[in-house]
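So, here's a batch of structures to check.
Okay, so chain A shows up in both of these, paired with chain B first and chain C after.
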Partner chain A sequence: MSRLADRIRQGGIFVWFSGALLAFCLAMIVSLVGFIVAKGMGYFWPSPLVQVQTADGPLLGEVTAHEPARGEETEKIQFRVGNRDIYGQDFRWVPAAGLGPQERPKDAVLVERLEYGPFIGRIASLSHEGQEVATGPAALEEALKRLPEASRLRRHIQSIEKGQVGDLNRRIEQLRLSRKRLEAKADAAGLAALDAKAADLQAAYDQLQGSLEQIRTEAKAWTLNLQTADGQAKECPLGAVVRMVPANAMGPLDKLGVYLSRLWEFAADDPRESNTEGGIFPAIFGTVMMVLVMSVLVVPLGVVTALYLREYAKQGWLVRAVRVAVNNLAGVPSIVFGVFGLGFFVYGLGGSIDRLFFADSLPTPTFGTGGILWASLTLALLTVPVVVVATEEALGAVPRSQREASLAMGATKWQTLWNVVLPSATPGILTGLILAIARGAGEVAPLMLTGVVKLAPAMPLDGTFPFFHLDRKFMHLGFHIYDVGFQSPNSEAAKPMVFMASFLLLLVVVVLNLFALNLRRKLRERLGGSTF
Partner chain B sequence: MEIDDPRPVAEPAPFHAPPPSSAPGLRPAAFAQQDLPLTDPSVLSAPTMLRVERLNLFYGQKQALTDIDLQVARNSVMAFIGPSGCGKSTLLRCLNRMNDLIDNVRIEGRVLLGDTDIYAPETDVIALRKRAGMVFQKSNPFPKSIYENVAYGLRIQGQSDRAVLDEAVERSLQGAGLWEEVKDRLKDSAQGLSGGQQQRLCIARALAVRPEVILMDEPCSALDPIATARVEELILELKREFTIVIVTHNMQQAARVSDHTAFFWMGKLIESGLTEKMFTNPGQRMTEDYITGRFG
Partner chain C sequence: MRIRILAQTLLAALVGVTATAQNVKVDPKVSTYKKVSGINGNLNSIGSDTLNNLMAYWVEGFNKKYPNVKIQVEGKGSTTAPPALIEGTSQLGPMSREMKSEEADKFEKKFGYKPTKVAVAIDTLAVFVNKNNPIKSLSMQQVDAIFSKGRKGGHAKDIKTWGELGLTGEAANKPISLYGRNSASGTYGYFKEHALFKGDYKDSVKEQPGSSSVVQSVGSDRYAIGYSGIGYATSGVRAVPMSDEAKNGGAVFEATYANALSGKYPLSRYLYIYINKDPKKAIDPLTREFLKFVLSKEGQEIVVKDGFLPLTAKMEADEIAKLN
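Up next is the complex of A and B:
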């Protein structure tokens, strides 16, 4: 017998082959995650600010890309020059030839602002109510000292705007609705009482606006006088500054501090500048909420379906057809589910709910527009086949001897299912849930039709009654990636955000899955056996 | 998946003796009817707990039990013996209607538990199974704690009074000779027990609802000799309170624990009577051949 035939017979070749394929898959996964992490995580590290001389004058910025000469094209370097309000764009390509020496001036500063992106240049002076307090390097030092207080004031203003003003607005809106009701009933006394209340609210509102105005003026007192590399001046109130980074004058430890603070801002803050800056916390929160609501909906739906199909339905062609149909649901493009969710849940169900229970606030829709409930329901429908299949498998894997033991004790079929079969099948059901989460957390298309928005004014879970606002629109990491990367006017600046958001989306899916895996492990330990 | 399929998987091994159709005096059905109650006066004198009358059972077209007539006396142990596929497990499962769970089963004849005809249309299967507990070939505790396994029968009857449950669990575990071994770990998973302990737990579980009859389907076939001896001792003790029907492949076990023995072959009851008589002086050649190990 030849050696090759012998090897084939022993299967060694196939072991090698499957091993190689496994290694290939692993390499793909590692490079996917590695690429995303490398592209995203580096973005927050303060890069040096480089100054060069071009034909149009001096240019100061971070070097972001480099294009070697190719044919006719000469070598080019991309600078992030910032100052969108002055130059009109953040990035600039310049030919590498004739740039002169690359300097790293110590006094160059990158100022992250609330508006118009970062300013890159120098701090000329710091003034308080028009009076210059410090100039040159001393101004930077003084400004750095004053910054925490200015930021605190800014957050204070934001919290008043969000909290108290929002609260008052809600109450005024409620008053408007009650007025509508009373007008319909022509209740004069009630209307008079309402007017008094409305006057009170208006007074409170005016007072709040007054004190807000005061704080705003206070916040504007300190002003930075900035100067670009080519000599243009710019004023910026200290209250509108997020961070000042004199990257060339910093040691590695200071840079690490900036890095961590930027990372924290990214994970925990609201977005700014049409999502290209600031954080993406609302998107993380919305994703997690949506997946949780979806899980709560999909498990009962899938388990009950599987229970009936497996245990009660008479096995025949009809059940087989239903099973095939359920499995095929998993193959329907997700956008189709989105269309269904929009037509059935949002307009159909939501519209009916509005007409029945929220008729007062019409024509403004409450449930008759996209919201987290409808998005979760749509995704639950999308992922229900996974749960059905897993549950059916798990039910089938419960030993018949245990069912018989229960029935022989005089238990009814339902008691047997509930007390013996379902507990044993729970780990298998959780396997289905894990797969459903993995599928559901990454879906974007159906969400765009059923409730995801670019920027949600309020979270679906907050401190105002009834705490869970299932009617609210929400933000989602998947949609955020699409929006920031491809719908933003400043997509070059948003590129790192895309990678970071992708990384966070992966992280969210992994964490949610780990959570479910842990739950399954604990259940298995309690059950003692290895049923599934 | 564990399937205790009671259906015969293969035709039983042929006799060394000539086939029954040509054997003189071997017309099993007729023989069983006239012979069983008459030859053994003690069966007649003890009050009858279970009575099987002209029972026929079909799986689809295939007849699995033919004209079975049998009586089990109160507080006695009845052993069913016979080669694999002879229908003894099927008959056992007729006694608490576990065969209802299998599609395509047709049953003719009567089975009386006390005065109740268990196949009468008005009989409540659930209530019946509470009167006839069952212990299976392979121990099958639920994936719950030891306590919850034993309390299961009472819980599904709606009993939730802690004191009643505690009392029943202790009484049943003591009845099954398991109390001393597990009393300190009632909250532990039942699947951590050894095989013999698990089987005794299953017996305790059956005892908890205080049945009248306990049906045991080869309860020791998966146990080692020591665990088997413990279960056998237990059967002799339980006899004082319960009526026991046990299916076994082990001749010595049948001889040790049973008062009466019934020998089945190919779905027919060949002979039944006092165990002593069956094992020392059987009425049928076939019985003797089987018991002495010449076939089967």
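Up next is the complex of A and C:
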């Protein structure tokens, strides 16, 4: 008994207790990440294609789920049968009884297509301009050989479309806008000049279209003739094939190759098929960019506020009230900031900017609709209290002796602040920034009102002048998770993507934080292990 | 053609496969899309979440024709479309229901003319149950008694358990677990007006943020029932064939294309895109081309791909006429 009292007095029990709580927190984090990784990572591994005999014919697909018998209900197996264009649905539940043996035919192949999701079946033949070149297993081999060339051609077409054709289109649109202006002024000579220009552009456009058409026909020359397990035929141009995976005939190394290439596609490609396939690169890019713009906006705002509050303002009830208000701001639900951002930034500020500077393109709004600038500003407001509080603390931690030394050397108050106080407070300010990033990267609600979209066709940063398009809407990983999880048309197929996107969002937050931490460490080293 | 569709549907029903869009073919008389030059710029679409995926598919298809056009798609519910059109933050307002008169009035007050309504697809609203649920069919009146407080449809008494719908065994005593959409959704509004005969939803309806989450919930809860567009069907759920006691002698109809076109299936509706078109001026070329694409053969094939139903050639011609 007295021993227990001893232990309590010495604090041994509390050490154990706090250790246990730490372990609990760690276990929660590890299981969260583990759960997400386990659910998501397996998705890209090629699973075997299983063929069974059902009451209505043979069925070929990946086994995805299993439901044991329960009461009157019999045991059921879920297959991913693919072929959305033929069967209507990617998945099918079938009763497990009477399926016969589960075979794994070597010639079964999963063809990932640009449209309609995967095709699961067999390759009957490969033809070139209608002529059969190879049949059966040889066709698969030949098709695999031809695939890189077909994909290259497809990318070539895409780059012409995005580059040259897009450029022409942009100039034609500019002409249309200046035409609108001239028409308002009734400038006949100007209009005639414009018409001549328009005709030139049109000719160039037609020529480009002609050559594009040629490449397109070339790309369509090779065709795969596919056959489903129940004998339905389907044609697919080789140019519309992303990948061919004969999973049953592959060794572990080949499978690893497919796995890595799918993973890469997911991280680096644009989404397809209403976000249920392809990659999520625009969402990753949008998230990172929005956080960076937010950081650039939030640091000066927060630091200057804190500087005035701490160093210049006369400490009294007003400053106390402002401090309380700032702290309360940190507790305001984020959706409230979203509403403010929509009303003030988007409709108010953005609407005025449009009327003043972009009147030509009205009624199509430029800044008067959600965009990355407004979203970042809203998030900057949301996170500014964090930076203010952290900066104030950091400023307060700069030793009085240092300030006095500077003042004694004849420096003014501003010189002291700029040259002595602020540099040694920088690590503390960065701590505030790290907290702000952590909060900002995870917010979704205010973004939904101020500029996040399901599908943003263009990134906020690209090669078109002025390169940095702050008016554009953007995609965000957090919103992508919500969208794919709750709004997707093919929710069964999209489920693993939700987990993968969650994993990437975690990764993005960690990387951004590591970057800021590293910056802080370097600064500290330079300052020689100062405070905070 | 029609007979074949029916035969296939019957076959599908017999072997227990959910009848889905697989049988639907776009009317061959629907015109194909012709590309024009000088199409560039930005479009914003804000509105229905039922149409959200369809819009995304259309934008993908349209971008293949015009790689440099930028169209942003936002879909948080049909109710968000009219304010965005009025504020000018969007040019396309996809809606899964017609605009209410108050909404159209507000628009007219600002611009002096009514918004233009373009029907772009047909949707059949399905009542989904779990795939293991053996129920054969439901009447509109039963659905009303399941979902509504007031039973304006005229069913004699409230339906709370599966036993009251004729299921036996374990399910008989199980309460029906209800899933529906949130009130910003056009699907919510449509279902309220047609299936609930303008009555009120029960408080026990679990309101979901998207059509897809209704279907997912029903797929994982074996005593659940929920409604959403047929395009969202998964392998975990089954669309229940419907009847209306007041029409067709209470005969039961599947949610097929033929039944939707003939109006025999009681819960089919048009999906719309609303635009701001001044009757005195020509329509903005980008908006015009996008809608022409949507109404073209390619656009309507995309409708089928997303699981909705395409317009017929006659409907298409009517809608295109509105654009000129």
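One rule holds for everything that comes next: the second predicted complex is superposed on the first by the 530 of 532 C-alpha atoms of A that agree within 3 Å, B and C clash if a C-alpha of one lies under 4 Å from a C-alpha of the other, contacts with A are read in each partner's own complex, and residues count from 1 in each chain.
We take it that a residue touches a chain if its C-beta (ideal position, glycine included) is under 8 Å from a C-beta of that chain, and two chains touch if they have at least 3 such contacts.
Note that the structure is a prediction, hence the values are computed from the model and not measured.
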{"item": "Joint occupancy of chain A by chain B and chain C, clash or fit", "value": "fit"}
{"item": "Partner chain(s) touched by A:Gly370 [first = chain B, second = chain C, both, neither]", "value": "second"}
{"item": "Superposed model, chain A: greater residue contact from chain B or chain C", "value": "C"}
{"item": "First, second, both or neither for A:Tyr116, with chain B first and chain C second", "value": "second"}
{"item": "First, second, both or neither for A:Thr412, with chain B first and chain C second", "value": "first"}
{"item": "Chain A-centred angle between chain C and chain B, computed on Cα centres after superposition, in steps of 10 °", "value": "140"}
{"item": "Chain B versus chain C as contact partner of A:Arg176, first or second or both or neither", "value": "second"}
{"item": "Touching partner for A:Tyr87 - first (chain B), second (chain C), both, neither", "value": "second"}
{"item": "Partner chain(s) touched by A:Pro399 [first = chain B, second = chain C, both, neither]", "value": "first"}
{"item": "First, second, both or neither for A:Ser424, with chain B first and chain C second", "value": "first"}
{"item": "Shortest CA-CA distance in Å separating chain B from chain C in the superposed model", "value": "50"}
{"item": "Residue ranges of chain A in contact with chain B within the complex", "value": "396-397, 399-402, 404-412, 415, 419-420, 423-424, 526-529, 531"}
{"item": "Residue ranges of chain A in contact with chain C within the complex", "value": "55-56, 71-73, 78, 84-93, 115-116, 158, 161-162, 165-167, 169-170, 172-173, 175-176, 198, 201-202, 205-206, 209, 272-275, 346-347, 361-366, 368-370, 448, 453-458, 472-473, 482, 485-492"}
{"item": "In the complex with chain A, residue positions of chain B that touch it", "value": "1-4, 96, 98, 101, 126-130, 133-134, 136, 138, 140-144, 152-153, 155-157, 189-192, 202, 205-206, 209"}
{"item": "Residues of chain C defined as touching chain A within the complex", "value": "15, 17-18, 20-22, 35, 37-44, 49, 52-54, 56-57, 59-60, 63, 66-76, 87-91, 131-132, 169-170, 208-213, 215-216, 231-236, 276, 284-285, 305-307"}
